[in-house]
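The letters A, B, C and D name the chains in turn, as written, and every chain counts its residues from 1.
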Amino acid sequence: MAHVFKTTAYTNLEDFVYGKALKPVVLKNGMVIGGGVLYPEINFTLPPMLITKETMSDVMRNYRDITTGICERAKELEVPGFVAEIETLPPMTENPQWGIEVCKTVVDIIKEYEAKYKIKGAVRITPNDIREGKELEHMWRGRHWDSILETFEGCAMTGADLMAIESVGGKETHDEAVMYCDISKSIFALSVLGAKDMEKLWTEIVRIGEKTGAVASGDTACGFANTAMVLADKNYIPKVFAAAVRVVSAVRSLVAFEVGAKGPHKDCGYEGVYVKAITGTPISMEGKTAACAHLSHVGNIAVCVADLWSNESIQNIKLLAGMAPVVSFEQLAYDCRLMNRAMETGDSLLLRDLHADSDSYYDPQAYVLRPDVVLEISKELVKAETHYERGKRAALLAFEHIRSAHENGKLRLDERELSWLDNLSETVENLPEDLEEFIDSVMDDCENLDPEKYDM
Amino acid sequence: MKILEDISLAIQKGKARDVKQLVMEALEMGITAQEILDKGLLDGMGKLGVRFKNNEVYVPEVLIAARALNNGTEILRERLVEEGVKPIGKVVIATVKGDLHDIGKNLVKMMLEGAGFEVVDLGTDVSEDEIIKAVQQENPQILALSALLTTTMTNQKVVIDALKEANLREKVKVMVGGAPVTQAFADEIGADGYAEDAATAAEVARSLI
Amino acid sequence: MAHVFKTTAYTNLEDFVYGKALKPVVLKNGMVIGGGVLYPEINFTLPPMLITKETMSDVMRNYRDITTGICERAKELEVPGFVAEIETLPPMTENPQWGIEVCKTVVDIIKEYEAKYKIKGAVRITPNDIREGKELEHMWRGRHWDSILETFEGCAMTGADLMAIESVGGKETHDEAVMYCDISKSIFALSVLGAKDMEKLWTEIVRIGEKTGAVASGDTACGFANTAMVLADKNYIPKVFAAAVRVVSAVRSLVAFEVGAKGPHKDCGYEGVYVKAITGTPISMEGKTAACAHLSHVGNIAVCVADLWSNESIQNIKLLAGMAPVVSFEQLAYDCRLMNRAMETGDSLLLRDLHADSDSYYDPQAYVLRPDVVLEISKELVKAETHYERGKRAALLAFEHIRSAHENGKLRLDERELSWLDNLSETVENLPEDLEEFIDSVMDDCENLDPEKYDM
Amino acid sequence: MKILEDISLAIQKGKARDVKQLVMEALEMGITAQEILDKGLLDGMGKLGVRFKNNEVYVPEVLIAARALNNGTEILRERLVEEGVKPIGKVVIATVKGDLHDIGKNLVKMMLEGAGFEVVDLGTDVSEDEIIKAVQQENPQILALSALLTTTMTNQKVVIDALKEANLREKVKVMVGGAPVTQAFADEIGADGYAEDAATAAEVARSLI
């Protein structure tokens, strides 16, 4: 049975800082994530190319070159340890043997460098969640579901240290919610559909972890909250909406931990800060160094309580200095050096707060990532009993904190954001208490949802 | 004319019921459907589109206006046929094979409809065969292709090659877009147009017909 | 007559910090460089393409798109001000009207944003120094020389705020010095040939500045010291050699200021920290965020006393987030936000030292950029009277500080670096006192040098 | 044979005088020039090349060894001709038009000579015409092109096209390199080989002949 967190793991703001987690994760090679050192987590993807049987050798060459380049640079810069994340591309989940072969390639090179040069490296495998589109039979059975689990298990067996995913339960509905800035539908997608799917999926991933020794790490609401963030960044939707979606997404992402995930939560889920506050597990985060993958308004504040520091994703293309993944890796390594130096000198809280304060005035999405705000909201959030109640409360807490920060001159908001803030708050306040009533009121309006695929 | 201005304003405010009411009044006043469409409904969408491009309104506002627009054109439909008015152009839109990203395509669709195009949406993960079939059936002036991954953008080229193969390349203009796509890539694969984002997609489409 | 600096402008380490210079530079739009705020300086170059009459419209489109992208992001992130550097490519110096047109394009867009949105932007023009190759007639006359001055003057008239260059006097000789790690030849190339050329060239640039109102800013020894750094980074030459070249290059780069340059010194000259220590003028620096252009071992320490913070150079190609120059700009903007926040809270010295301490143990090239080391070396350096004496002393001081840091456990050096350190020190100690004797002893061995081009 | 090992060692240590002495001794002992070259001189350079690749020695050490190598081959030259021994291959090398970067090219040259190639260096900023002329005159197996700027790398393609034009493309293998150049670019412009850095250039050249 799922364990529901009723209190936050952190109670004291002074303990809530980057590089240290209450429940660190120890890897096979001795690396401790959240054990006092902030490590870089490097992400990468292929340059423009097709992935087919015919191009597979070229695909492999790319992954080999990327990994070798990163390991070489880790050696040069004497990085104390690092994580490499492989996010499989859709054809690699559809053909699990491809994803597993890529994983093996990366793992083997990292282990070779570890043996030769004592560079500690770990691999996070993140199968692309292919449970979307017209051919999907069901969320929890059929070939899509089987391929995902097969990829997890195969990669874990081949030496991946961490298992993660950006699962898409509820995403078809959330895509609609984002376009219309429909906060009710967003809460439905995240805390009803998403939570329901997460429980099924993560029960399986945790089981694979127990069987293989790989760590069931975490699941980001990337397709939900980051989609909203990117649209807000283009001024397509209000930032207050995106900020609320971020906090609501924590309710969904927490479900992995309710059924046994151990962290580190994956990089592209900024809701990880809430996960860390509530569970005490370490998290990966991405900020300014991930500008290669998406611009954002949270470039500095994202590092405040991170245990891994990531670049999100970069194509294997050449920049003037060399291949782009190596460039990103170097940037992350220097960021981490600075943070770790401050840890050594006892200045980590000061550095955390400089990062937070430098961003939080300019954008509500940054404001709701402030460590103090995260802790306050988390403490209130865990008091709600069900996922639905938590979803509602998350949105309301976000709106409250944003409003009062604005009133107190701690947060600048455009005029047109303010009217959205009022309307959105009102909508959430008027949502029904009863879950069934809520589902009935929202579901009819969900064009893209096929409830049968969720056994609803 | 005051009533056309009112229609335009009602569109911009997304007031579907007002639009319906005003369009009926305008028809009763003897204004042609063509004029109501161009100087009322599409004028409103055009103005809203400019405000969207200038970051003055958000997507939901445009979508709500688009619904109001639909309300208006619904009423006009018969009369438009009688008057022999055609949409300014027809677009078939799709996210290419292997790519399930929907939102970018939907935003472009929204902007195109707002500009008066008729849009046939084939959805996501659409193979070149399905696209060829749609082009044959729908006979659009424009084919708009979206791709969000470095590993699917090449399928935009696959579609263009398939169009050539099927002797359809001359019959339709192809515009491409999506996060990893650039003007240089568009040129390289022989597309006719490239839209950097949804806000500029309608302009690009207009320039192609 | 040239003014020779006999004392350092800074005497106190507490005053020597980023964002503040003793002699700030005030621009036409009111921006003050070195006046208490660290600003981003964005650099960019074209994607793979030829520059010809036929491609000129495409060239212009690139610069227009780059500048618009940067200005848009500056607006979004509410950047307090920025500098955009245009480094002309060789054909743009050869055809000054092309360089001037590019400059005008960039200036116009920036001024438009300034007028519309109150975003303060400035332009630094850096003509590519084309005085190289078989067709060169003479360093200080003929078409190459004329084109450079014409580019400066034309760009200054069209609205460029700052004039800079990476001049190449002595580079043909230094290229040989670097390959053989010949420190005598390096001192000859920098403090004899380089200094001689700098005096001629900068007298002209300062004159153009007086005539046009553009600021004669500075001249980096990029082709000298950065070439050494990049080769050292590939493990092609010893790091202690590259570190010494860096310090010697300060003697050369200082010459611009002896004849009237005002700063800010250009980004890619890490010797700028010595220039700032001695002259009190502001400087631009580049570090981790310039990894796109070249990897380095000075990613954090480079920011310690910077007044502008730069990315060195990035092609206008697309990353997942958007065009690469915009990505770099965002990264710089966040770095600056953090540094500026610490300035506001009174923590700038602490943050400076965290950056310095995080890098300086790992590489002698980083060690000689430590603010304390820079100030100590600078104080000794200015006691020498001639450029040649300063060149020798610079190398010896670098070696001394590196050796004692290593002995005191403050700097790690590979075994094979140590023997080079001894040999190189010995070589410099044995150099003749007399300049003419020195020149005679080195010049014969300079294969690529044509002394007539230097009137020698 | 001990003396060949000694020659190899003297090369690795860059002892030009010792090399000279030892090569003469070896000749007196009746060892063929071919053997002295392969098992002595080039063996030494080969071993040093491996240490260079493994970051155990620096460029100056390799350059000094290359000088010692020259000292040795100088003495052998006549005898090599008598024995009919040819260099393992001839390379024409240049930095392309518009590009004045010298060092990268020189490093590649150093590694190629160390591997026993005869190298004709055309310098920097070399036009396609000059390159064509050199290929016609020198008749090399390999043409090596360097470019350091995004705005000159395209001139590598210009050279390859000029080779085709002059009917020389089949007669010479082309290898390319330089900071902005990639394997993908090399493939795209139809080069035969791509060297990521100086250390791998000799291997690539060897694989081409």
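We take it that a contact is a pair of C-beta atoms (placed from the backbone, for glycine too) under 8 Å apart; a residue touches a chain by one contact, two chains touch by 3 or more.
Note that this is a predicted model, so its numbers are computed, not measured.
Among the other chains, B has the CA centre that is most remote from the centre of chain C.
If you compare C-D with B-C, the chain pair joined by more contacting C-beta pairs is C-D. Chain centres here are Cα averages; for chain C and chain D they lie 34 Å apart. Each chain gets one centre point, the mean of its Cα atoms, and the points for chain B and chain D are 59 Å apart. Taking the mean of the C-alpha atoms as each chain's centre, chain A and chain C sit 39 Å apart. Chain B and chain C, compared by their mean Cα positions, are separated by 50 Å. Residues of chain B in contact with at least two other chains: 150, 180. The residues of chain C that reach two or more other chains are 45, 47, 315, 317, 320, listed in rising order.
If you draw each protein chain as a dot and join the dots that touch, the picture is not a line, a loop, a star, or fully joined; it has some other shape.
All chain pairs that count as touching, in label order, are A-B, A-C, A-D, B-C, C-D. Note for the complex: chain C touches chain B at residues 47, 317-318, 320.
Interface residues of chain B, counted against chain A in their complex, comprise 55-56, 58-60, 63, 98, 100, 102-103, 106-107, 123-125, 149-151, 153-155, 180, 185, 197-198.
On the chain C side of its complex with chain A, the touching residues are 45, 73, 76-78, 233, 287-289, 291-295, 297, 299-300, 313-315, 317, 319-322, 324, 326-328, 330-331, 333-335, 337-338, 340-342, 345, 347, 350-351, 354-355, 357-359, 362. The residues of chain B lying in touch with chain C in their complex are 150, 179-182, 184.
On the chain A side of its complex with chain B, the touching residues are 45-51, 89-91, 132-134, 175, 178-181, 227, 231, 234-238, 315, 416, 420.
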